[in-house]
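Two complexes, one shared chain (chain A), two partners (chain B, chain C).
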Partner chain A sequence: MTMPLDATRQAPASAGQSREADLAPAILEASGLTVGYGAPPPIVAGFDLTIRRGEFVGLLGESGCGKSTAAYALLGLARPPGRISAGRVAFKGQDLLTMPAARQREIRGKHIGLIVQNPRGALNPMLRVGRQIGNVWRAHNAGSATRAEEHAVEMLKLVGINDPKRRTEAFAHELSGGMAQRVLIAIALSSTPELLIADEPTSGLDVTIQAQLLDQMWQSTRRTHSSVLLITQETGIVANYCDRVLVMREGRIVEDMTAAAYRRAPRRSLLGAGNKAKTLATPGEDDQAAPVLAVDHVSRFFPVPGSTKRVQAVSDVSFDIAAGETLGLVGESGSGKTTVGRCLLRLIEPSEGRVLYRGEPLNTLGKTGMRRIRSKLQIVLQDPYDSLDPRWSILQTLSEPLKLHTDLSGAGRAKRVEELLAQVDLPKTVAALRPRDLGSGALQRINIARALACAPDFIVLDEPTSVLAPAARTSLVELLLRLQAELGVSFLFISHDLTTVSQICHRIAVMYLSQVVEVGTTEQVFRDPQHPYTRALLASHLDPHPEERRVDRAVQERLAGEIPSPIDLPKGCYLQSRCPHAVERCATEPQKLVRAADGRMLRCWRVLADELGGSDIPLVHDA
Partner chain B sequence: MLLRYIGRRVAVSIVQLLGLVVVVFFLIRLMPADPVARLVGLNASKEAYAQASHSLGLDQPLLTQFLQYFGLDGRGGGLLEGHLGVSWVTNGSVLTEIGQTLPVTIQLLTLSFIITLLIAVPVGIAGASRPGGAFDRGVFVYGLFGGSQPEFWWGLMFIFVFFFKLGIAPAPLGLVNPMDMPSEPITGFILLDSLLRGEFDVFLDVLWHLALPTLTLVFILSGPIIKMVRQNMVRALGSDFVLYARAAGLRESTVTRYAFRIALAPALTLVGILYGVMLGGAVLVETVFSLGGIGQYAVRAVLAFDYPAIQGVVLVITSISLGIYLVLDLVYAVIDPRVARS
Partner chain C sequence: MSSADFTLIREATVPRLRRLRGHGLTIVAGLVVLAILLLAVIGPSISPFDPTVADAEPFLPPPNLSAWPGLLWAALSGAGTPVHWFGTDASGLDVFSRVISAPRTDLSIAVLANGFALLIGVPAGLLAGYFRNWGTETLMRVSDVLQSFPVFISAMILVALAGQSTVNIVAALAVLYSPIYVRLMRAEVMTQGARGMVEASRALGSSEVAIAIRHVLPNSLGPTLVQSSVTIGFAILLTAGLSFVGAGVRPPTPEWGLMISNGASGIMLGQWWPSVFPGIAISLTVFSFAALGDVLERAYRS
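So, the complex of A and B:
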């Protein structure tokens, strides 16, 4: 340790400090920190913060509030052409911004570790990751290149990478997002820093991987008594891991409270206070009526170029969607959700199986027949900006389907566009604007309005809320609920955001590695998940709980490793390699989707044989 | 894996070359030109004309000429056996003539590109370290100034200043002192040959004669290459992984190395393309300094409608360019592992 422990603790820089950790000495203090990119206003403006020894601090803020810029600024860095124009950062009382460059460099990486979002971009694309971990270690520790290699392997093992020796040979682009993030954690922790700054470390990762990573980080830092500053947009992460919560807005900290106080503050939650029960319309009562859409044993595979192998994107998926119903399709990325959505509309042709629209098989329809039905089956995609032609005005965009599918006159179309805008709560003046003039929330409403233009029966919503800020997400969910109640349209809602799914869906289908593993009502799936994958998925879901944190309780249901490649699928149950409940039989026996007595469909013989406990559902076989 | 890739690339290149030769063969014969009249003069008798036409083989049907050129007419001695034919103007073997002129150009270009890179890379990196600074702006002005004027003009200016005014450069009359008797070539590259023989005075003399043409080319070429290096370096220094490398406390030299490696690849591509272009395009500099390179040979062949020579030059320059691109792709793959896998 080169740094003297500062005995005379600085006074807290900002008001309203937490009382929990007041006695511990401050590790990092920032005051009045300001970072700008040329033109005013500065991105970070008068940023104050204090982190004490051993504290796990959450920094919550929406995108664009200056979180990432602040994270780098705490290390005395700014992305060019940005510049730290004012303020002070003290590491154990020493001013980080004015000390000599060599001293700064020593603190970065050795005493303060950093993890950022987009880990693959943060790794050098041209060097093997083992070398990169070794380079950072050697920049701060005396040791040979061989010792650095060994250390890299040790670090990768510590952050839970299987076969770490082989992984040191990998390049960044050969790693999955989760794996690359582990490498960054390995780099950040390689010199056992006293403070770890983690800037949205799990954004873009699946919930199961997110929980794995955060658990790992929590354990590693607790072991070394390091402090952590965890920067995130997700209230769930903050509520489940942190001791203290800071809220950032427009470049400065606006709130500072203990995590306990934060958790008790009123917030939405899974199957929560029942705002869903009020607004979720009940689908058509008539059970005998043909479903709007029936998916009948659909499979889709893609050949792998230059090989006889194939990617199994969808395996034998079947489900129905009734009029006015919303079916949620959830699962990790790579599980085949998007391919299913596209197969329904024949945007991708199924390799096997059929899709029936009101009893009529779509696969055998010709061009004209399909065009007739196209207007009834619509889709809304994930990225609202990319789904619109940037050169077209909103009027042109919304008129296009009307030109194709109706014989309205120009004036008729303009009138209909006004109706559509009103339906999605946008003023009619929006019609004259272009996509670049609108925010992503409004743009997604335009996409929904376009899908609604020809009064469809069914819309695939493919992750429509995933790029939206939390507030826009909530209002879009409310819009979709209202539209369904008014128009009786059916939705397939594809998402990995379980909170949103729980608010909007009547039934839920859980997909894992190309298969549907469980289908049930929202109540069944969220209150009493049965399939081991569903259980793990819900256990990974970081929903704020008023009383306790995830790290305060023992979590049983967790998956090991990552989703396997869909090219070489396991012989038996697809989950077997990651499942905490797997036994020998699981490795050899392929699993069938079977109906349980409570009406849900399940693909796990152990659950059906009631070997896992938790529920005693009498079973009948699916015809 | 690598050998298979190279093999496939070479095979594709050979097909491309054959196609090119076929196209060039017919295209030049479509020109509204009369190489026979060019050779015997407009006032020649009918008999003389016919005889010349016969000796060039131009009285034969096009297809026969084509087969003959490739050596497919049974008499052999065509392109497929490595013969480029005989020049109609000099009656010398085209292969031999190219063998004499090509090394001159390659020697000049290689020297120029090496010096250009030695200057452009550090200058580009220095400019990128402080974008918009005084040094960076100076380099920008130089790039505009140097690159916007033709190379022969700069060549003439340099001759005027360094030979005529200052008298420190040799007369622009070729690569060797006209009074010296040139030795029998070994490789054709005079610099290399003189070293192989141990004639250091000749080596230095040739370098002295190459100084002004090289200076001219370096002056022209360094502009775009500095700009490329600087631009890519600025982008690399602003990228996530460089910022992260700084945050991880890596030494500044390591960080610069990280960024430079990623900035290098596009600059090398530009060098390769410019090299290919300059093989034929160095003609102006060659002419100004009377070097007798491949560019001058090509111009002479075109003006004389010397079909075998034109075809030979096109074939050789294209082969070299394709070879350079192959080497570049391989180097690129070594620098950037992402390319190797895709």
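So, the complex of A and C:
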């Protein structure tokens, strides 16, 4: 059987892509497109766009700027009560908006594919995915059901799914998010469309999976010579995959430039000027001093109800944190980093191992002893609004720890609350407000102030910046750096945001699937990552690079497949099934965290035996 | 720097009552509920006749509609004799006086029953939702068993067993309505208990009991209080129902269900007024409490 792909339409070399695209004929042209939902102003107003054949175009904009509405309108669709009130969309010269509905449907699906944001919601839960891919193909091509099945297998292979024959038998709920998104791409590509519109296809996926998927999409569309309109909020994605970048604001395209120009343009970056080193305080210089907190072979598993199996959330994690130091704990979702943070404070009891606070093991402490130490060990949670009592004023909230751990009178507490607010740069009038009156940046400051109330030595920061807007994120990082310099407090900074981690941390521990795989200084980990997972994680970090795109370089540090389930962990190295460097021995030999020659800790025998050589990842950040 | 993310959200501070505006039905329901509450307090003292003393002809029909304006004027200006607005029943009791005096009986039974149901259900639900162990699971199964019987039948049996008195009616209704609150409270406590504020407070060193009472309980009461309005409405209906079948309050206490029951036999003879007026009163009341509950729920969710 033949691939439904035209073998003669070979993709041109990617280097000359943008120049060639300029000469290629336009596939889709939109002019003056206006979509409104009832009351003015329209969500999309006077939207103009041209996509040429073979072009990979990024449409960048903040949430709510009308990206998705515009994308649907390009297909002649509008979500009720929305209505396309003006403008013209021409697909290869034919007006898409005025043509008969039957002809419109033919173009949609056959010539223009759409990938939506929520992959599992977009798949039919009642049909096997093979049928769904086949159905779309049969809607536009004459062919038998068997032929459609074969086609589905081909398509799944094209989007890089292992064992595609078996996967065609799967239902949507049996697929992981990344896998479901691939199936959607397969559906969209199944009729070899000339244009693919992808609406934030990787939102909600982990970084290594996101990179894997975008790489695959890039390759697949280059092979089918399709044009792509990729809608996203992430500058990193457009900078690393696209030929051309359109920036949308308030329903209009405000910038249109080549990706190369975009990358070189002064960064309207998420993070302002990277001003890391200048404020990062040096932790205690005395190496002999006992660490504030030592984590000693901590494991935590959760029983699976109705089964003898267990979920391994944390396995054998060890590290320590010195006074005034920030240790970054990075890893993808589900890697166990949050559980580690909870175990440190005994908010979750470790199943094995111990945590020592200034040499005193916490797990042997009774209730009163633990309560005493609670004032010294604090936590700031991810969602600032969720972690405050909505019925309590800020004064009440900040007084709670003072009531528990000090003998201050009411007036004394009010005074201390004022000090705390000043410490986190909030006006004292905030004390009378309730959480709903404040924005998330201010709320996170309140959370930090509450954690600081009893002058702790150590604070777990559990993704404190993840729900904040970029500006608030920057100012919170500055605040944390200042607080550390002033108070000498130690932080465990849990995050998957590598950019923030690189700005605030002295050392970094990388977690993968319940284990710590590498611990080193920020310098060591970011400049010269050693463990294959760390390498892949940094390589997946789609930070705009001024010179080149991820797709232009030969990326070797790429993981394959899916993250294994924490219930059935692999026998040998946990990364073995995805690792590009795996050899036979990796499958059988469990890996131990061992100190390497340069002082960092590593969990990979091949790196320790110096079998891998250096990595070729271009530096993500300049320190 | 910090002023950028220091935003006041104005919309959320709009007074709750203003959000209720623009709903005609809501206003009507609210007015009816207010009127019933008012009548429960002053009803017996403003009724033109003693609601429990029969001193008129039986089965006097209400005055003709056309005569009402004149009679109203006379009554308001203090002239003329008291009128039997809704006629009189088989014993010669004034129906109007009994209709406006009945809320004191019906509403106090309903409100008390609801209050006791809350007193049982809220702590039990808090326990069951916050401390989940075999003990609280047993509690939930007991509450499931209670809920599995039809409320009306159970109420009849309980009152029949314990003896026909107001106290027993209140007790029976309280026991039968408490499982609703246990369930509602437990569900809400489980949601609130999973919030970061609980974990944050735990990390500060608060005891579990303190967290449950100071953080979780106040934040979980909303749906329960909303449900109260609906429950009071249904409790009024149930009280009336019990009297209707003879298991409720005893005559001659003014009570709507009792009045409907007593007047039912006369309907076939064209004597509709002893039953229809209390019937309208019950319908309006139950509907209004339910509508108010609905509005409160919407206000709570938004």
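Please note the rule applied: the second predicted complex is superposed on the first by the 501 of 623 C-alpha atoms of A that agree within 3 Å, B and C clash if a C-alpha of one lies under 4 Å from a C-alpha of the other, contacts with A are read in each partner's own complex, and residues count from 1 in each chain.
Keep this in mind: contacts are C-beta pairs under 8 Å (C-beta built on N, C-alpha and C of every residue); 3 or more make two chains touch, one makes a residue touch a chain.
Given the structure is predicted, the values throughout are model-derived calculations rather than measurements.
Enquirer: Touching A:A442 in the superposition: chain B (first), chain C (second), both, neither?
Expert: In the superposed model, A:A442 contacts chain C only, not chain B.
Enquirer: Of the two partner chains, chain B (first) and chain C (second), which one does A:G109 touch, if any: first, second, both, or neither?
Expert: A:G109: touches chain B, not chain C.
Enquirer: In the superposed arrangement, which partner chain does A:Q378 touch: chain B (first), chain C (second), both, or neither?
Expert: second
Enquirer: Just checking: does A:G121 make contact with chain B only, chain C only, both, or neither of them? Give me first, second, both or neither.
Expert: first
Enquirer: In the superposed arrangement, does A:L404 touch chain B (first), chain C (second), both or neither?
Expert: It touches chain C, and chain B stays clear.
Enquirer: Do any residues of chain A touch both chain B and chain C, and if so, which are they?
Expert: none
Enquirer: Spell out the residues on chain A that touch chain C in their complex, using ranges where they run on.
Expert: Contacts found on chain A: 345, 347, 370-371, 374-375, 377-379, 381-383, 386-391, 400-401, 404-405, 425-427, 430, 436-442, 445, 447, 450, 468-469, 471-472, 475, 478.
Enquirer: In the complex, go through chain A and note every residue touching chain B.
Expert: Residue list for chain A touching chain B: 72, 75, 77, 79-81, 101, 105-110, 113-114, 116, 118, 121-127, 135-136, 139-140, 171, 173-174, 184, 187-188.
Enquirer: Quick check on the complex: what are the chain C residues that touch chain A?
Expert: For chain C paired with chain A, touching residues are 1-2, 4-9, 12-13, 195-197, 199-206, 215, 218-219.
Enquirer: List the residues on chain B that touch chain A in their complex, please.
Expert: Within the complex, chain B touches chain A at residues 131, 237-241, 243-252, 254, 258, 261-262, 335-338, 341.
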